[in-house]
Structures are given as C-alpha cells and as structure tokens.
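After this come two complexes, each holding subunit A, first together with subunit B and then together with subunit C.
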Partner chain A sequence: MSEPRRITEGTSAHKVYRYVPWAIFALVAITAPFWAAHTPAFSVGESTLTFSLGNLNHAVAYMVGVLGLGILVGYNGQISLGNSFFMGVGGYITASLVTDNGWSFLSTLIVVLPVCFVVGMLVGLPALRIKGLYLALTTLGLAAVFPSIVRMEQLRDRTGGANGKRITSDLDAPDWAPIEEIGDVLSSIPVLGEWAYGEGVSGREVDGIWVYLLLALLAGAAFWVARNLIYSRPGRSIIAIRDNETGAAVNGVNVPMTKTLTFGFSAMLGGLSGTMYAMAIGFVAPDVFGINLAIFLIVGLVVGGVGTLSGAVIGGLVIVFVPVWASQIESVPGVPERFLRGPTGTFFLGVLLIVLTFFLPGGIVYGLRKIRARFVQVVPPQEVAGGEEVLVSAGDATGGLMSRHGGGSALDLDDDVVDPDGTGDGTTHRVVPASAQQTNQGEPT
Partner chain B sequence: MELFLARLFDGLSSGGTYAVIAVALVLIYKATTLINFAQGELAMLGSFIAYILAVEQGMPIYLAIVLAMVLSAVLAAGIERVLIRPFDPADHLPLVIITLGLFLVINAVAGMIWGFDPRSFPRMFPEGDVWTMGIARLRWYTVGTLATVLVLLVLLTLLLKKTKVGLAFRAVSSNLESSGLVGVRAGPTLQFGWMLATAVGTLAGALFVADPFRQLDPTWAQRVLIFAAAAAVLGGLDSLWGALVGGIILGLVESMVVGYVTWIPNQMSLAAAVVAIIIVLLIRPNGLFGSKAVERV
Partner chain C sequence: MRASRLWRIFAVLLALSLVAAACGDDDDTDTATEDTEDTAADGGEDGGEDGGEDGGAVEGEIELAEGTTINTEDCPSDWDPEAGLTDDEITLFMSLPESGPVAALGGLDDGMRAWFDQMEPIDGRTINLVSADDAYDPARTLSNVEDVLETDEPFAMTYMIGTPNNLAIRDLLGDECMPQLFNSTGFPAWGDPAEYPWTIGGLLGYNTEADLWCTYITEEIGEDATVAALFMDNDFGLAYEETVNECDINLVESVRHDPAAPDVTSEITTLASSDADVVLLGTTGAPCPQAMAAIAQSSWQPQVILSNTCQGIATYFKPIDPAGEGVLVAATAKEAGELDDPDVMAAREALEAANLNPDEGAFYTGVIFGHTVENVLRAAAEMEGGLNRVNLMKAVWNADFTNPLGLEGGTYKTDGVNDAYLVEAAQFVRYVPPAEGEELGKYEAVGDIINIEGETGSVGG
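For the complex of A and B:
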C-alpha cells in the first residue's frame, strides 16, 4: 500500500477536499427524486428491486428520527429507545390538524415542535435518576405504549383508532416551482439523461418531487441546527456528559439541565420526523410507531454510525430500503418460498445490527472514513507562529483510553483536521506549544 | 364480592405468568447485570418449540415442554458463546444493541417459519375450576401456574444456594474479577446463567400460552416483556422471590385498575406497567427486595 496523499490544512487542495464531496452530495440529493420518480428497477437473480420516490421520501423522514436519537444516544450517552413515541406524537398531531382542522402541513410544526420538546423534557426528568439499562427499559416501555394510546376510545375521533388515519390533504406542487423544467433539463443531458431521467416528469411525479424537496429542506434544516448545536458550547457540554459525567459536573456543566434539554431537543427532532412521515406517506397507523420502529431507529443509528451526524442519512435510507428490498426478494436458492413472504425485512435489519456491532462498531461512516484515510491524509501546517497552540495527534499518548464509546472523545468531533487517521479512535488533543511539550517528555502523565 | 374475587383470580393468574418471565430476566441480570431485551422473544421461541413437539410430533405436553426447555437452553448457550461473550460486560451499549438485534431476528424468524395466525396451545392443567362462587372462578390453570412458579423458585433457590454451580454463579454475579482470582471460570458460568434463564423463559412461555383464553403467535411476547420487566424492576432486579411478588402485584394492579377505574380503557394496562416501572425506579431504584447498589465515585 502506497503512502496516502498528504494535504496540508488551509491550502486550496484542502478546500477542494472539504467542499467537493459536499457539492457532489447536494447534486445527488437534488437529482435523486427525478431519477426515483420513474421507479428504476434492478434485477437481482429472479427478483426485481425498485427505488421509488415514495420510499425515498419515507427515508428522508426517518433520517431526522435517527438524527434525533443519535444526539441523545450517540452524543449524550443516554441509552433511550423511546424516540418512536415522539415520532408518533408528531405524526398524529399533524395528521389530525391537517385532516380535522384544515391546517397546512408545515404550519402544524408550530404545535408539534413545542409539544414534543416539552413532552421530551418531561420524559427526560425521570431519566436524571434512571440511567443506563433502566432508561433503555423505561423508554422501550414508552415506545410499546404508544399504539395503545392512539387506539383509545376517547381519542378515536382524532386518531382514527386501530384503523389509522388517512390524511385528506394533498401536497400539490405550486405553479411557480420549476420542477418540470428541471426534469426536462436533466433528461436532455446527453447519453445519460434519457436513460436515467426518461422523458422528464409530469403529473403526480411532480407532486412527489415537491414533497421530496420540502422534506429535504426540513431535513437539511434539522441537520444544520443539530450540527451547530453539537459544535457549540452546549454541544461540548452534551458530549462531556457522555464521556465522563462526574468530570463534566466538576468542570461546571449543569448536568441535569443539559441532559433534560438534550432529551427535549431529541424529542423535538422525533416530532419533526413524525410530521415528515405524515407528509411523505399521507397515512398514520398505530403500529407504525410501535416497538419495532423504536428498534429500527437504533438499527439506523448503529448502521450509520453512533456519534456521527452524517450517519443518520445512511441510517434513514437503510431502515427504509432494507425492508422494502427484502420484501421484493422473490426467491433465494435453498430457502422455502413461504419464508420469503414473512417479515424478512425485520430479519435482515436484526442481522445487520448484530453483524455491524461485531465488525464495524463505528458504523458505515467510520468505515468510509477509514477507507478514505488510506488515500488522503490531512496534516496541520508545519510552521506555527511562536507560542500559539498547535494540533498534535495524541492518539498514541492516551493509548485510546479516551475512546470508550467508539465515537471518540469530547474533542474528537466529525472534523477531519483533528482526526488524522480518520478512524475516529485516534484521540486528538489541543496541547501546549511544541517547545513546552519537549520539556515535559519523560515525566509521567 | 364475587366481582372482586373474579378480578383477584384474574390478577393472580396473569401475575403468575409475568413472574416466571421476570424470574428469567432476574437470572440474566444477576449473572451479567444486563437486561436481556430478547428474553421475551426467546420465551416465545421456546413456546413454539414446545407447541411443535406436542402438536406436530404428538408428544405428551409435559415431555414436550421439558424437551423444549433443553433445546432452548442449548440455543442460549450458543448465543451467549458467539454473540455475548466477545463483548466487555461493563460496557452496556453494545450488549443492549446485540440483544435488540436478537429481538428482531428471533421475532422475524418465528414469523417467517410459523406465520402470524393464532394457534391454540395444548392444555397443561385440567380444564374447569377448583372452586367457584357465582362469577368468581378459581381455575385449575391459575392454581397450576402459581404452583409451578413456587416449585420453580424453590428449585432455583436450592440450585443457587446448595450446589457448586450455584456457588460459582453467585460468586460471578457478586464480583466478576475476584471470582476469577479464586478459580471460577466466568465465561462458562455466565453461559450457564443464560441457559438457565432461557429454559425458565421457555417454561414461562408455555405457561403463558397454555391459558385457554390466550393463543400462540409470534407477537405475544412483546407486550409481556414490558410487564415482566416491570415485575422484575418492582421486585428488585436481582431478587428471585422479588420477581414473584412483583409479578403478582403487577397482575393484581392490572386486573383491579382496569376493572375498577372505568375510565381507563383496557388497552392502557400496558401503560400502567410502564408507569409502575418509572415510579419504582424513581422512588426505590432497587425495587422492593433488591440489594442496594453501591456506587464508587
């Protein structure tokens, strides 16, 4: 294996390295619905797997749910399984207000976000005393209770009882949105255009893409807010509590307040995800938001990467498309056909959860970073003006002691610069100037 | 009075079954300080194995249940060896994730093999009533379940207190490192804990679905897991007899609350269980009979 290419921080090559992937991601995110609108199908053996716009919208909604869970579990270290409860609350509030009161989808967020935030804080209050496994158990109970709450007789008018509630309002694309035009432009791309985007989009496809764009905008806003939170001072408090609660308290972090607010924020993202689900599917049912979704969210979190934000994108896609594709498998050699008509999606997600915990505990995002680190390495500038702080990898110095969670320590965020080996387990530290460090050598640390 | 007795008997009968699954949870917790989220699903799988042996293979029901207990214990030994032992017992998140993965896999496999149509499980106890007064019927099922739980708890207590395996088990659960120093091999002992817990779980599953009012399908354990966990937490997660008391209290609360507080709908008994967990954990985190946790800061 040849030496990885070194890119110095702050150079133009570094800028390309940092921003080009984002540009590619944005391009893919915008063009994906135009591709999915024609429901492209892939043949695998005798089965045909499809990539439909409806499923894509569903996945975008779940991404935010996984993100909310990831902030609580991955960054704050509170093992909660109850985020499906808040998704249910959000989804049902939106469904009821839109159908029964004639609100528009987006305006229901005015109710959903504060309600979920407050309910989340209320649930978070006992979590101050209930920790670890007990919290996981309690929140799993919460997730299990949700379907019976919406089935209650007293709420039937609002929730539709056991049959679920169909939302009688369509999200139609407004006339000013140039969706058809973009579709035409994409399909006029030479060679690739017609194959991928067909004859452009029309009718219901346009409405579907409009929903996608709205969802993508909401998801983008959610990720942006979450990123800013994690990289800010409160975010560092959140992470410090995960890494060492006593240490955080000693350093002046208001532990109960931070934990409760994190619970509320996570629940708020859950509620947003529920609203987005209602927008994407147009139908809410009690068992959608049951114990299985609670565990699916954990699957999404673990598959994407605990302690990363971008992992939620992968996680949302996985927990929607794995079950969809599993149900489309027609035949597998040596497996009776009636098995394939059972809950194969749940089976694959369970297997995926176990396999990843064994072989890739950091999730797909860390796997990708590991691969990238074999080719590209970002190094800090060599020359530093006298006396200023320099970034030095201290992964060897701490012997990985600080990385118990597989997600790195408080200072090891998603940042490439402070993570030279790209695996996330090489902890990095801001240390005293290089000259001062020299004098400390040999002393026990 | 009759109504009260009827509800009392109902509560005792469901409480007894919650108690048995709670015992299984307690066994795992005692050994590993881990809540096995797949415990309910393992019990469901065990009850299906017993069903297959009894109905499709035509075995006597008691033999089928014993054989199912043995088979599920072997399965649990494999699960412990392959999926649980590689992880550090002190780090909870990976272990929680593994047991959640098992939850999904076992649930899905049962659904794929046996489908979701309800089946009726063979009777374990004679039909009919021991004693009746108007509408209050003390069924043989209720008596049989409670008797089974009592016998099971006595046997488990003897096993843990009087045998060498039990001594090793208690040593490992009280202090993993020190028990290693005095020559107890932690791995096989924990494996034994898993086998024991799963066998008990299978018995619990069979007892639960043997109620003529219940049916066997791959989803029954999801609700019951929450009840059983509530029972275990109520009694103290490391107390076997506490699990019995917790289970019966919970069963009684369920039947009394739903019976007497009319504005609470039937469906909400599960919520009552969750609220019970939260209240117990807030006020008395070690449950009624659990040993006090000592935290070193």
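For the complex of A and C:
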C-alpha cells in the first residue's frame, strides 16, 4: 500500500481538504430533494426501489432524533432507550398546537423545546442513581408507555386518541422561495441535468422541497448547536463523565448537574425531531412513537457511529430507507420469494446491528474515516508549541474508539484529524481524559 | 463566554420561530381563501343538483349521489380521470402491513389477487393489484401512497388497513381526486361523503357491531345481565369500547390490553373475578384464541361474544378446540368452511389455484374484498362514459349489489349521505366444535339476519 498523502495543518491544502468535503456535502444536501422529486424510483434487478421526497423528509426528522440520542449515549455514556418518548411529546405538542390553536409549525418549538428539556431533566434525575442496563430498562419503560398516554381518554380531544391526529395545516412553499427556479437551473445542467432532474419541479413537489429545506435548516441548526456544545467546556465535562465518572468528579466536574442537563438537552433534540416528524408527515399516531422507534433510534446510532455527530445523518437515513427498500425487494437470486415477504426490514436492521458490532464497531462513519486515513492524513506543523497542537495531534479522530477500547478517546470528535498510523485504533496516541482536560487551553475545569 | 454563545444560539432560534410565526399568517390566509372557495362550491351545489344526472361528465361540478358532490376544478391541473387504466389493465393500489404487529393481515392482497386473476375481465381489462408494506406505520402508508402517485399512478386505492393509516392519507387522496375505496377498518367516520366524497369504508362499523352486541345482550340474555369486556388498546379496540360504554347494558368490568403484549391471561383473570354473565372480546389476532382458551380453562362460564375480525374457524378456533364452543360472533360474511356453498367453493378454488391455503382467514377475506371491488368496477364500466374515476365514485356512492360471499339476504347498498355505509348486515352465529373425525368446527345461525341497511345515514347527518 502506498504511503498516504500528508497534509500539514494550516496550509492551503489543508483548507481545501477541510472545506471542500463540506461544500460537496452542502451541495448534495441541497440538490437531493430535487433529485428525489424527479427520480423517486430506481431499479435494482427486478425490484423497484424508491427514493422519494417523503422518505427523505422523514429521514431528516429522524436524524435529529438519533443525534439527541447520540449526545446522551455516545458522548455522555448514559444508555437510554427513551428518546422516542420525547419525539412523541414534541410531535404531539406540535400537532395539537397547529391543528387546534392555529399556530405555525415552527412557532410550536417555543413550547416543545422547553417542555422536552424540563421533562428530560426530570427523567434524568433517576438516572443519577441507576446506570447501564438498568437505566436502559427504565427508559425503555418510558418508550413503552407513550402510546398508552396519548390514548388516554382525558387527552383524547388534544391527541386524537388511538386514531392518531391529522395536522390540518399545509406547509406550502411561499412565493418568494425560488424553488422552481433552482429546479430549472438544475435541469439545465448539460447532460446530467436532464437525466437527474428532468423538467424541473412543480405543484406538490415544490411544497415537499420547501418542507425539506425547512427541515434541513432545523437539522443544520441542531447539529451546529450540538457540535458547539460537544466542543465546549461543558462538552468536555460530558465526555469526561462517560470516560471516567470518578475522574471527572475529582477534576471538578459537577457530575449530577452535567448528567441531568445532558438528559435535558438530548430530550430537547428529541422533541425537535418530533416536531420535524410532524412537519414531514403531517400526521401523528400513538404507535409511531412506541418501542419500535426507540429501538430503531439505537440501531441508527450504532450503524451511523456511536460517539460521532455525523453518524446521526447516516443513522437517520438507514432507519428510514432500510425498511422501505427491504419491503420493495421482490427477488434476490437464490432466495425463495416467501423469505422476502414480511418483516425483512427489521431483520436487515438487526443483521446490520450485529455485523457492524463485530466488524465495524464504530459504525459507518468510523469505516469511512478509516478509508480516508489510508489516502490522506493531517499532520500538525513542525514547530509544535503550546497545548493546543499537542492536543490535536494526540486526539484521535475515530469514533470507533469508544467501543474498541471500552473507555474510548477523550476527543473523538475532531473530524479533521486522523491518527497518523492510519489504523484507527490510535493506540499510541491516546490521551487519558483527565490529562486532556488539563492540557486544554490551560483552563482548569 | 461559551455560555453566552449558547444563549445567542437560543436567541437566534427563538427569533427564527418568531419569523416562522409571522410566516404562519400566510397559511391562515391560504386557509381562508380555501374556505371561501369551499363555501362558493357549497353554494353552487344546490344549483347543480338538477344536473346531477349529467350522464358521463367528468369535468366541473358533478353530483355523484345525494349530498355527495365533487368538483374536478379542485383536482390537480394534470388530473386524468382515466389514469391507471390501459386498454387491458386496471391498476389498483393498496398499502398494508406485511410486517409488524398486525402482519397477519398481510395476506389480504394475495387473496384479492387470487380472485382478480381468475375472474372475467371487466370491459376487456384485468385487474393489476399493486401492494406495498407499511408495517402498520401511518408514515410509511403516506410515503407509499406518495411514491405510487409519483411513479405509477393507480386508478384507485383499495382496502387499506388501519384507521390511523387511512386517516393519514385521506386529505392527500382527496386533493388528488383519487378514490380511496373500502378502507379496511370499521371506523365510523369513513361514512362522510359530504366532506370526503373520495373516501368510503369497507367493513361493518365497529360501533355498529358493538351496538349489535348490546342489542343481543338486552334482548336475548336479559337486561340485568352483567357484562365484562376486553378491548385491544388501539384504534380498533377503543372504537368498540366507546360504543359499549354508551349503550344500555350492565357493564361491571372493562379491561384494555396492550396490542403488543404476548398474552392476555392476566386481563382474563381480572375479568373472571367479576363473574359476569357475558364477556365481550373486542380484540383481534392472537389475543382472540388466547382469551377464549383462558376463559374455557377457568371456572368462569360466561357467554362469550367475539369480534367478527376473529371469525375464521381454521385460524382462530381450530388451535384451541373445543375451547371456543358456544362463542357468539356477529358475522358479516359466509365462513370459509361452508363447503356446501357454491360461492365459497369458487373462492376456495381460486385460492387453491394461487397456492394459498383457503382456510387461512386473510386470504379468504381477500376474496370477499375482491368481489366488492369487482362489483363497483363493473357497475362503473357500464355507465355512460365507461370506466373512469367519476363513474367509479358514482358506482360506489350508489351501490346496490350482493356480495356472493356476504350473508344470505344481506345487501351492499349506499346512497350518498342518506346511507354512507356499505356493509350493514350481520348475523349472530354460534361456534360448534368439530364432531369426532371432523377436521374443522362450524357455525350455526342464531336468530335472523340483522339488516340495518339505510338506517345509519352518514357522519354529516
């Protein structure tokens, strides 16, 4: 294998390396709905798989749910299965305020976010006493009870009871939004445009894309806030608690407060995800936010990458599209047709969970980073000086560490730094959490 | 500093939502305009009434039936009343749970296909039924429907399962002027042609069935009979519960069970402690035989009345024979085991030809549904203008036919707002376990067929 290319930090090559992928991602994210609107189906063998705007919007909503869970489980180490509960709370509050009180979708966040934050903190209180599997079981109870709560007689006027609640407000694209124009521009791209984007977009597609753009904006904001949180001092406290609770406490982290606030923050993202679900689907029903979703979120988290933020994007896509595509696969050579009917989607998700745990324990994001490390690696400038650079070179980029080493790296959050030996295990470059905190910008915690 | 940055982010978010609140006004205005349009349409209705029999028109305001009007100007600009039709094929679509908690119902489409494959073509066209799995998740029902509208628009949607699932798509299908036929749920609100002319239910209403139970109890068992009841804790069971709570019986104990629970033994124990004279089992799927078996094993000997969704003998009674002895069901169709009935035999042959087990409830029910679809399509094809969506909805809202697998003497009739429910006949039957040497038990009729055809009107009045 040839030597990977080395890029020195701070050079223009590093800037290209750092920002071009983001630009490509942004471009893909913005053009994806136009593509989905024109090419909602493609053929694989004899089966037709769909990539529709509706599924895409659904997936964007779930990304934020997975993100919320990822903060709690991946960064804070509190295994919770209860985030579907908060998604339900968010979804139902939005549905009720929009339908019964005539609020706009986004303004319901004024209620949803604080309510979920506070309820999340309350739920987080018992988590101070119970850990690991016990906490998982307790929060699973929360997920299980949600459908029964919304079916309660007393809430029926608000929740629509067992029949679910249709949200009677359409998110129509405003006139000033140049969605049709963007569609026309994309179709006029030579060769590719006609094939991928057809004649441009119209009618319901425009509204669907508008919803997508709103959702993408919300998701972008959520990821941005989450990233800043994780990179901040409270973020380091959150991670320190995951890695070594006693060590964190010794170093002055207020463990109960940080844990409870993390629970609240995670629940708030869950609530946001629920609101986004309501915007994407326009309908909420009790069983949507039940145990199934709780488990799907965990699957999304593990498949995307525990302890990474970008894993949530992949996780959201996986938990929406795998079941859809699995149900659309009609023939696989050598497999009897009756095996392709029934719960193949959940089966595939289960298989993914097992396979990834064994072969790619950090999830898909970890695998992608490992591949990237074979070709490119970022090295610090030669004149190493001060704590920050030391920290960056020592901090390991891979999200796989947590599961591989049990404890994990203190700083598996830096997308830009790849461990120099390219193996992804970071054995020689790990820093212990406590020392990481000490070296960081010289601020004692 | 970090904290202040977070606060700034919150401030931005709040500001964004306020902006959004302002944008919300746009929506309100939109709704207002729509309302005006609706009112205008309503106003025009009276004028258009005379033109109701405007033979074959598929444009403008059309009165399908009494109080049931559509206006094709509200349809999408590229709306084609003959979309989904070719010279030799009618494409229909259904989304149903092939996985998830109620996957047992996933065979309905196979049963329907088995019937469509061997029936006489309608006007030279065969029926191509496309189905998709939604795992009983309304979001997936919606995306399945959106997908199919974008890719391969069908002529109509049929017999989709689940109240939440059908509710999730009703507005969209109404906007698209796409027939949403015979929702496979007994939710009473499906009978609302004034508001939703493109949507109709296809089962005996759960409320109607529960009403029949109440009538039977007061008239046949006694007005003071004590009643215990088990309801599945979802849209289906709670629709029963609502009616039972309202009707004039002596309900002494009522328990809900979780649809996902592995068994209902503890619920039955609770009910048994009431020692009621009658027990209502408002549940479906595996809990039906579980509950009947648990009751048979206990010292409690109530008259069991079972939901007609568990009517299938081979599926629900055979595994627990003879525990189902004496159980009453308000049946709406002939049972798959009635081997001396030529129509049942034809259904069984169709299923066997498609390699499906005719004794399996979902497949056989699929054939019953297939007959209904065939009937309305034939009726529409005979109208002036031939088969198109407008004629299809006329046929649906003016239905008058008998389903060969329906009850002897029962009719499938509708008449716009005067009678918005298709299936309104039922008959109590009592289960008799198989005698020595017989494979399957059978039903014996109790009393006469109860036909409330035309008495129920519609949701709107």
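Some points to look at:
Heads up, the rule we're going with is that the second predicted complex is superposed on the first by the 380 of 445 C-alpha atoms of A that agree within 3 Å, B and C clash if a C-alpha of one lies under 4 Å from a C-alpha of the other, contacts with A are read in each partner's own complex, and residues count from 1 in each chain.
Just so it is clear, a residue touches a chain if its C-beta (ideal position, glycine included) is under 8 Å from a C-beta of that chain, and two chains touch if they have at least 3 such contacts.
A quick note: this is a predicted structure, and the numbers were derived from the prediction, not measured.
In the superposition on chain A, A:Thr31 makes contact with neither subunit B nor subunit C. If you count the residues of subunit A touched by subunit B and by subunit C, you find the higher number for C.
Contacts of A:Ser232 after superposition on the shared chain: subunit C is touched, whereas subunit B is not. Looking at the shared chain after the overlay, A:Thr246 reaches subunit B, while subunit C stays out of its contact range.
Of the two partner chains placed around the shared chain by superposition, subunit C is the only one that A:Asp172 touches, whereas subunit B remains out of contact.
By the touch criterion defined above, A:Phe105 reaches subunit C but does not reach subunit B. In the superposition on chain A, no contact is made by A:Ser47 with either subunit B or subunit C.
In the superposition on chain A, no contact is made by A:Asn254 with either subunit B or subunit C. In the superposition on chain A, A:Thr344 contacts both subunit B and subunit C. Using the contact criterion defined above for the overlaid structures, shared-chain residue A:Ser148 touches subunit B and also reaches subunit C. Shared contact residues of subunit A with subunit B and subunit C: 148, 151, 291-292, 342-346. In the complex of the two chains, the subunit C residues touching subunit A come out as 2, 5-6, 9, 12-14, 16-21, 23-24, 26-28, 30-31, 76-77, 98-101, 103, 106, 132-133, 135-140, 142-143, 146-147, 150-151, 163-164, 167-168, 170-171, 187, 233-239, 258-260.
Those residues of subunit A that touch subunit C in the complex are listed here as 37, 40-41, 48, 50, 52-55, 58, 102-107, 109-110, 113, 147-148, 151, 161-164, 166, 168-172, 174, 203-204, 221, 224-225, 228-229, 232-234, 277, 281-283, 285-288, 290-292, 323-324, 327-328, 341-346. Contact residues of subunit A toward subunit B in the complex are 73, 79, 81, 126, 129-130, 132-134, 136-138, 140-142, 144-145, 148-149, 151-154, 246, 291-292, 295, 298-299, 302, 306, 338-340, 342-347, 349-351, 353-354, 357-358, 361, 404-405.
Residues 33-35, 37, 83, 86, 91-94, 96-98, 100-105, 107-109, 111-113, 115, 222-223, 226, 229-230, 233, 265, 267-268, 270-271, 273-274, 277-278, 281-282, 285, 297 of subunit B are the ones that touch subunit A when the two sit in their complex.
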